Amino acid sequence: MRTAQVFRLSMAHPGDLSELERLIVSETIRAADVTAIIGKTEGNGGVNDFTRGYFTQTLMALLSRHLNKPAEQLIREIPCVLSGGTEGVMSPHYSVFCVSDAKGTQAQRSALAIGTAFSAPVAAEDVGRRAHVDSVAKAVREAVANAGIERSDDVHFVQVKCPCVTVARAAAAIAAGKTPLTADPNRSMAFARAAGAFGVALGLEEIKPDSFADASLLSDFSVQSPRASISSGVEIESNEVVVLGNSPQWTGRLRISHRPMIDALDIGAVVDVLADVGIAADPQVAAADAGRIATVLVKCEPDRRGRIRGNRHTMLDDTDINAQRHIRGAVGGLVAGVIGDGRIFVSGGAEHQGPDGGGLIAVIASQQRGSA
Amino acid sequence: MRTAQVFRLSMAHPGDLSELERLIVSETIRAADVTAIIGKTEGNGGVNDFTRGYFTQTLMALLSRHLNKPAEQLIREIPCVLSGGTEGVMSPHYSVFCVSDAKGTQAQRSALAIGTAFSAPVAAEDVGRRAHVDSVAKAVREAVANAGIERSDDVHFVQVKCPCVTVARAAAAIAAGKTPLTADPNRSMAFARAAGAFGVALGLEEIKPDSFADASLLSDFSVQSPRASISSGVEIESNEVVVLGNSPQWTGRLRISHRPMIDALDIGAVVDVLADVGIAADPQVAAADAGRIATVLVKCEPDRRGRIRGNRHTMLDDTDINAQRHIRGAVGGLVAGVIGDGRIFVSGGAEHQGPDGGGLIAVIASQQRGSA
Amino acid sequence: MRTAQVFRLSMAHPGDLSELERLIVSETIRAADVTAIIGKTEGNGGVNDFTRGYFTQTLMALLSRHLNKPAEQLIREIPCVLSGGTEGVMSPHYSVFCVSDAKGTQAQRSALAIGTAFSAPVAAEDVGRRAHVDSVAKAVREAVANAGIERSDDVHFVQVKCPCVTVARAAAAIAAGKTPLTADPNRSMAFARAAGAFGVALGLEEIKPDSFADASLLSDFSVQSPRASISSGVEIESNEVVVLGNSPQWTGRLRISHRPMIDALDIGAVVDVLADVGIAADPQVAAADAGRIATVLVKCEPDRRGRIRGNRHTMLDDTDINAQRHIRGAVGGLVAGVIGDGRIFVSGGAEHQGPDGGGLIAVIASQQRGSA
Amino acid sequence: MRTAQVFRLSMAHPGDLSELERLIVSETIRAADVTAIIGKTEGNGGVNDFTRGYFTQTLMALLSRHLNKPAEQLIREIPCVLSGGTEGVMSPHYSVFCVSDAKGTQAQRSALAIGTAFSAPVAAEDVGRRAHVDSVAKAVREAVANAGIERSDDVHFVQVKCPCVTVARAAAAIAAGKTPLTADPNRSMAFARAAGAFGVALGLEEIKPDSFADASLLSDFSVQSPRASISSGVEIESNEVVVLGNSPQWTGRLRISHRPMIDALDIGAVVDVLADVGIAADPQVAAADAGRIATVLVKCEPDRRGRIRGNRHTMLDDTDINAQRHIRGAVGGLVAGVIGDGRIFVSGGAEHQGPDGGGLIAVIASQQRGSA
């Protein structure tokens, strides 16, 4: 059997991996067990957010020293999914997912299971198109198999980091006679996220291959996966996939659950997903329970129709602050208030990820002894 | 006896007062009853936020037409307190406070009471100094008297809009041989807010005149008024004060309550202040009760120590987004999530207004018949 | 014969028209002569820039008082073309174009001529499409006729302000069964500017009606008018057109010239256009000549290919600062440095207005006696 | 004798040192000759600009591989002075300064000379105070001696990178009983730059030790060094100094000159400094001469009085865009227009560096054979 551990660590800046280093040096974490990283860095979350690349470079150099493997190899083996932007009360942090063998036989109840996969590189001209969707779907299936999750319902969160184009990459593709979907990097990021969401839905068999066309992406918002969490960044060329679920083939006290958020005010989803993992929030998680929460993962989106429950919002009309920064700050404020902790992963750009104008929330928490 | 009404209206842009015009034309509102306005416009909330001036110009022209008084006079009679910045899920809106005579005798229980006052103009060199504090305190006392509130404890919210200096006004003062506290407009806004908070504390006798010095402003954060809400803007030269409380001399179903917020994650204060006015939030205000809420007023502040409950936040280190925009977005997300409505007044710059790093929340709501 | 005058006035904020008021009161300007306004306000130049609306409301109220006409009528008679964003060294200002009758017969040489026109309102679903182009072209022809300019070559600058859609307007159109080109306001502004440029090119017969399709807008950048200057804003519904040129039917010392700018570094175009109107810049306009410059009008554009003369720029990849704000600041710095004055009109969004990645510059200056 | 070379290289992103790597691999550059780096990265130039740290980490890892020295040692031997922010037309790039031995005897004329030095770490409570000034002055003297420049007049540019405090560092100092000058990171950066400028002036004997007090920093702007260029960043703890001048002890075709800029419109200074090194700009440097320019170094500053040549600017009142980003964009546009190239180093924050409200420009260029 395998067992998963999650270490949620803070950083002083995007190049600060000192907490992880300390845990490796003190042998609390075996470097070889590090399977994936999901984190929030303090950039702007946009095309010119280099905090992701800085963190990744620092992480891979650190693991390279401890594993005696080249960083170039590790970067293709260990998904490092970072979302830039810790607007408002969010605190920069990263969750280190570790997997190790554990004694024991088939558990009475299932425990947190993790699987990862990398796709082949996605060409600039494929970004945001069916080839991209298929590439994601294939990697999702591999990661589910890798996690040993047998029932599709036991998958609760699929994080994908998708490549997008910069102005330079688009220009190079055009020069090579290719036709990228767009040369606008912010639009490319949005299409890449859509492709990722369609890929998750396809990989989990929530939709069928013939049920959508290229034109459905960023257009038919009835297509959605409530378990897909997609980021996009300029610093990668392949899709990176992390599947999180529960499986009786794994042991340990951690379990995961998820809920769709119907809109940015859906505090009910936050309370409900906590209840799913046995934690009360009335109105805030009690200090005694806070330590049981291993990580909180949220996707959100400024409602494209310009209104939330009938009232006009201004996120999409703001030339000064990017709409994704707006929504991350607001939803981060809500979720952090319920949890009582700013170390939450709130990522914008939830197109096709949960209900239109909303998103999703997943929580991994440690179960109390004796709980069902 | 008097009675107060509050109309919470939406706007399509900062120059759109069409909802108010409609209510005046339809005789739902008597123009002569309009006593004060408190609203959120969609600017950046900073020195160069002209949405406040635009709204005010439009409002005064509208009232001028209906009252046959010059706008120049009205602007010195009717406080129009606007906070720029509807970050995240907040919706641009304004609350119109109307006062009219009502039949009846001393009520069994007190009802919402409103008083207003204007100070003399504050010279550029006085902004953020004791002369400014005294000027605010005097106006607060006038407004309390004007409201007919007899017990200091019955004052629940004192909104003050304070003038600050621009680069141009500071330069003019210096040219005239004066010494403004600062020529930096953003710092001037902060000092002006501090002077307003000290002025409220002094006016409500929460502090004594000899208990502080000029140097205490923005420095000794043990001085705080949990009932002060201060905005600052370049478009005014006098302090404008609106006092809100409960008084047995007023009648009607509206009541107000307030709570300090200990930090930006203090969801408990939100739930508690709602309970004070008889509304449950479990976790969100039910649709049936939402209509009873007349207005929600919040002040908040990025914790200057750089941490919230021990975790580093990045608001103060962000060169791209002003820290006040960050915190408004986050606290707005939290409060709107509990209320289920983005039409809330969340204003940043809560220096000395409530606990350090936190702020305060006040709610005006209609009482159910038969409630205590 | 007619004569044109241009008054370049400063403002302390977007609602400050005091300099114009003073000139009207002192009878330097007859209010009835005011024909058009072109100005720079200190907003962000984007969808949520309300400095334009604020200025316009203040201007129309001012003229209304002096002309005894309702502001609602004046706003449909006097083009008020404002470009938001005074990045860097630019100074907020507005140029008031006045036209009056003058004695005299056909001049030996031509002088500055002005014509204006308003189109019918453009429906949200027409913005950025051929109906929009045709609407602009028609208004351009009317304005040229109105200016009495007979030779197309004598037209030097055509300023058009085009309506665009907000999220709300797009949603309303969709609800009405219409299909707006886009619901993204920033994209709508770009398409509106493209429609304006095509409209000018069509109106001046630089292109033929059958030489382009809807898909050419923002796509075929070989279509360009070196005399078109297009702004777009949410606050208008009709196209507003101001044609500036030289005509022997006009008298006075002012003349206009224009030059295309090949890219954002094209200082040669600045020096050349000044030479066209008889002013040397070596390297800067001498103080003695500076007073002869009546107004400077510039359009510019961040090169969409991501490079300027082979070197990568970062304007299009910046999530924090809008690309138009970047380019206005840079080109404003260059032109202001040559002129020695920050009171220049530099407007971004030069799609199809001058060479791709560049733009255009026009200068109106007073001719010295005896000059050819 | 020694000879200096300057390689101006482009980067695709802040972690891209591939051009340097290629030159080292091809043996165009000997890694051991690399003496200093001065570059522009595409961050925001503020406290939370991590592009500087990312570039530095990548550079030191690269040199470490080629020199077989630990990166931790190199970072204390090779100044890497980066200014974040390539607003407008500026192109991200870095200049690599290499020093090697050269045959020859005392030259007829002097050539570019380079010296570097590192100070001891500056404590958080010393930042922006006399201890900081003295620390810089001492390092400047060491770097001048190191460069072998004998006449103070032959020093043309002194680049210093000064540490500043973050919220976290300030809090740590306060917790340790120290009193940092400010806990506001943006103000700390400004004080650090002032300390650097005073340090250069002191080190070059432009001012005397008893001619200023702590309170003079950011207050007495008559103190200024026209040769000081100071950056500040959170990622360093010591002052790093690079002195550039001309010396007869050095050989080669490169020479440096500098000029003060009286304000942000001082195009004359740009043309004059080019003339100093034998290059004409009429109005732009000819393509044939452009290749002779090795690097261009500029400091600039938004005029704190709020006006440029009498006209109001809006840089200091803008809550959306930091004033330093504004001024870099504008001055960058002007200088790049004269040079015809966006690869220029334009750094904001020129307090006490050149005339108040202005700054300075230095150019290193290759001399033509036979030129005096």
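When the chains are written out, they are named A, B, C and D in that same order, and each has its own residue count from 1.
In the analysis below, contacts are C-beta pairs under 8 Å (C-beta built on N, C-alpha and C of every residue); 3 or more make two chains touch, one makes a residue touch a chain.
Computed from a prediction, not measured in an experiment: that's the story for all the values here.
Where chain C touches chain D, the two copies mostly use the same residue numbers: shared numbers make up over half of all numbers in play. Two chain pairs, A-D and A-B, are weighed by contacting C-beta pairs, with A-B ahead. In whole angstrom, the spacing between the mean C-alpha positions of chain B and chain D is 46. Between the CA-based centres of chain A and chain B the separation comes to 39 Å, rounded to the whole angstrom.
Shown for chain C are the residues that touch two or more other chains, namely 12, 42, 44, 48, 168, 312, 314, 317, 320-321, 325.
Only residues 44-49, 166-168, 171, 183-186, 304-307, 312, 314, 316-320, 322, 325 of chain D touch chain B when the two sit together in their complex. Residue ranges on chain A touching chain B, taken from their complex, read 10, 12, 42, 44, 86-93, 264-268, 270-271, 281, 283-284, 308-309, 311-315, 317-318, 320-321, 325-327, 329-334, 336-338, 340-343. Taken together, the chain C residues at the contact with chain B in this complex read 12-15, 42-43, 48, 50-51, 53-54, 57-58, 61, 168, 234-235, 320-321.
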